[in-house]
């Protein structure tokens, strides 16, 4: 990946996000990245924006759900990033077109919304069969996709154990290069014993890495739940930065991102009880 | 379903075909049906043609693989049916468009082949982004789809246990009405315990029926393998009919289709050792 | 005095709207709608189907703030992905739920920006993951957790998810069907005048009044001669809501 | 005299063509190609990937007549569907295999009809499930089980899967790349003259002769000064083929 390329992030909102890999992208100091995701994103996209490596977002929703993403909001309001006006069907349609190997995907929705009027991914098209006018959404081909799954083998076969798997398989098929983090590497024979459960075959995965709590602070079900406290603490600092007090956020980014040489460093900064509590919560759902 | 409607059949070649349901369609005496399938079909489509209820096929390949489908060949050569010149991408693209809720699917392949020149499902279209000329394939919306899965619950949640699941989920999503046969009904709690293994959710299935060996003579892995002997015996009779001796085929159709009031009747006509041997073969793969 | 919370009342009022055999869903940040769906399934609509958001018929053991992560699902009948959601978004559902930074007199929803322009906004909102269920579904419900002159405005600054646009003519001109059926706010149930497709008071919650609703609404509410009081939760509804749907009291 | 069958020889010759790290597949009725792939994986190409036909890296315990049912798969790394096949068919594979009712001088494949027209054929063929791997893949191999004047014709009656069309000009005009690399028939290995893109004899199988090949080919074969004898299976190749790939002797 180079400066200015499109980066796609797997997962959805606060679940299954390859956050450890996102921190590595931040540390690699890329500039002017374009960022996409499944249609729902939040913490990690906000973190990327807070560190200044993002120029454009193709994210339908950027939100922490109970509250807004402060760095996203701040950067858009100050004109530092271009938050393209896109929605689920244009982004998913874009991945689908790319995965399918075609240059666009037809969309026959969006009546009445202002979103398609401003959406740079869409154009009008006429159906050659019915004559109706509908939309086309442009194929989205991320240069690099980061994906998180619960399990995988050394060949890169991924297995999601969560109920929802979002757009991860589609993003993997749509992208030039795919790096996956997994909570644990399993034996190839384990993958062979249940082929229908492989959620992303190795033919779409270029590199795989086992990293403990690689999704933290997002959840990786059924292994560990969402660290709402961590996300909230970040959001408080980012909100303070938006309101003119950037010091806390700067220190957070130094300590939790640039200052962590390894995932072990990163995890060691969490309160001792945190990870067991997140595992406990996931077990009890 | 009415005379002239499009019927879609799940499975692929000699596997996962809802053959018992196909025999019921034959007994219901529809006329002038249009038939589609996953891109690979054989015995059941040939049977439908042999009984005279088919006017048009939208089947890329109609073959028994080691030999041709005699009734298909005979009917096309005599001009009794229209075998539309379609391929996998036009049919799969048609199901995909219908499942997606859009009127067509772009296709950017087919260079050099004569198939798209004769394919009634396709038209040219220009990409509004790249300016390139490519193809559009028309949404295919079957009136009735017949699907076979190994397991399902009373609500119609289906679970395929075979490795390949062809286009079954897509056909179910693309069709107006879906009837599924399963080898066994499982408890709803069994489905709830493994949601990611539900291959076709009940929201796409209108009716489900448990029928022993509902896929026979096609295979339903891992429960029972393909009855090549049965298919061969049929093909010999159909080939004789093509060559001017229709009596054997007529008797076969009477005895194995119209003369069978129930699946039990049908199965009782098989040699006693047949089904155990097919189960044994499936177990030993 | 009431022995139920406002959010519980909203959930109960919405639950009564859902019919047995229908199929619908709620999106992110949707505790009230999810409670409504689950309660309806326990009362009059046992065969209600919950689908369209990448899971089929979840059975959560408690409410969570979001419906869009595994915490809130419990055992499901099936898992889907954004591929299937793409299809659902075109075919639409029987019902869906929306909320917004701004809600206007015609039920349009804004989640993109307030003030300024889209790319030079005074305030930038989160955007919306999926804008298509509003326009493609048979009907939707608006269920804000705030009812004030700030979020109930005459015209949204940006139509993220469309309601009745500028009324019957523009709605028809856009080729639309469905639209918002009711808005169940913390103060009242608002419906839409069939002639103007503008919001009017359908019923006022027991703890509120017509005056309070008018006072807190930033546009002129259509006249409706039949304003009555919103029917509070029955003992049974409240019991099921608290014992089974929301045992942790998220809505309290 | 040979201690291997013709089909075994075809499988071995094809296996030597496949390179480590490549990704490819075979379709229905493809025992010879599948044997070639599996043998290559056991010899010089351990990281060969088998994908594109709804399964990823199968491990069959024996050969079967078809590759497109579960019998022939054994344990796989992943299962796919026609959705993913749609994408593979556009991106193409590193290699694929084709056979046909007719094969012509430029490597075009016909599975639709012989004689008459498409809808009034003298003989109707089975059609083809997927015609796109020929045009989209980096290269493909033609591996017929018969070599006669009946199936090796100057020009196919219908191009189901394209080879080099009518030669370099028409191939370029159609915007095509890739194309048939070799035809490994029961009598010989045929390659394509780079100038004309017509088939010529590359090597003749030990049990055959240039004369027999010419006699059984319904078109004029291009000249090739370097015709040699196809290299028979080594002891090791034959052992692996018979002990591991095809223990039931399907190819014998």
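Going by the order they are written in, the chains are A, B, C and D; count residues from 1 in each one.
The definition used in the following text is that a contact is a pair of C-beta atoms (placed from the backbone, for glycine too) under 8 Å apart; a residue touches a chain by one contact, two chains touch by 3 or more.
Chains and their UniProt names: A, B = Glutaconate CoA-transferase; C, D = CoA-transferase.
Being a predicted model, the structure only gives us computed values, none of them experimental.
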| item | value |
| --- | --- |
| Contact-graph separation of chain A (Glutaconate CoA-transferase) and chain B (Glutaconate CoA-transferase), given in steps at minimum | 1 |
| B-C against A-C, pair bridged by the larger set of C-beta contacts | A-C |
| Of all other chains, the one whose Cα centre sits farthest from chain D (CoA-transferase) | C |
| Centre-to-centre distance between chain D (CoA-transferase) and chain A (Glutaconate CoA-transferase) (centres being mean Cα positions), rounded to whole Å | 42 |
| CA centroid of chain B (Glutaconate CoA-transferase) to CA centroid of chain D (CoA-transferase), Å | 27 |
| Touching two or more other chains - residue numbers and ranges from chain C (CoA-transferase) | 55, 76, 79, 83, 86, 89-90 |
| Junction residues of chain A (Glutaconate CoA-transferase), two or more chains touched | 100-102, 107-109, 163, 165, 195-196 |
| Chain B (Glutaconate CoA-transferase) to chain A (Glutaconate CoA-transferase) touching residues, read off their complex | 97, 100-109, 123-125, 127-130, 132, 134, 136, 138-139, 160-161, 163, 165, 195-197, 199 |
| Residues of chain C (CoA-transferase) that touch chain A (Glutaconate CoA-transferase) when the two form their complex | 28-29, 54-55, 61, 65-66, 68-71, 73-74, 76, 79, 81-83, 85-86, 89-90, 111-112, 118-132, 134-136, 158-162, 165, 171, 174-176 |
| Contact set on chain A (Glutaconate CoA-transferase) toward chain D (CoA-transferase) in their complex | 99-102, 153, 155, 157, 173, 188, 191-193, 195-196, 198, 201-203 |
| Residue ranges of chain A (Glutaconate CoA-transferase) touching chain C (CoA-transferase) (in the complex, touch as defined) | 12-15, 38-40, 59-63, 65-66, 68-69, 72-73, 76-77, 79, 82-83, 85, 87-89, 92-93, 95-96, 107-115, 118, 162-170, 219, 221-222, 225-226, 281, 285 |
| Touching residues on chain C (CoA-transferase), where the partner in the complex is chain B (Glutaconate CoA-transferase) | 23, 49, 51, 55-57, 59, 75-80, 84, 86-87, 89-91 |
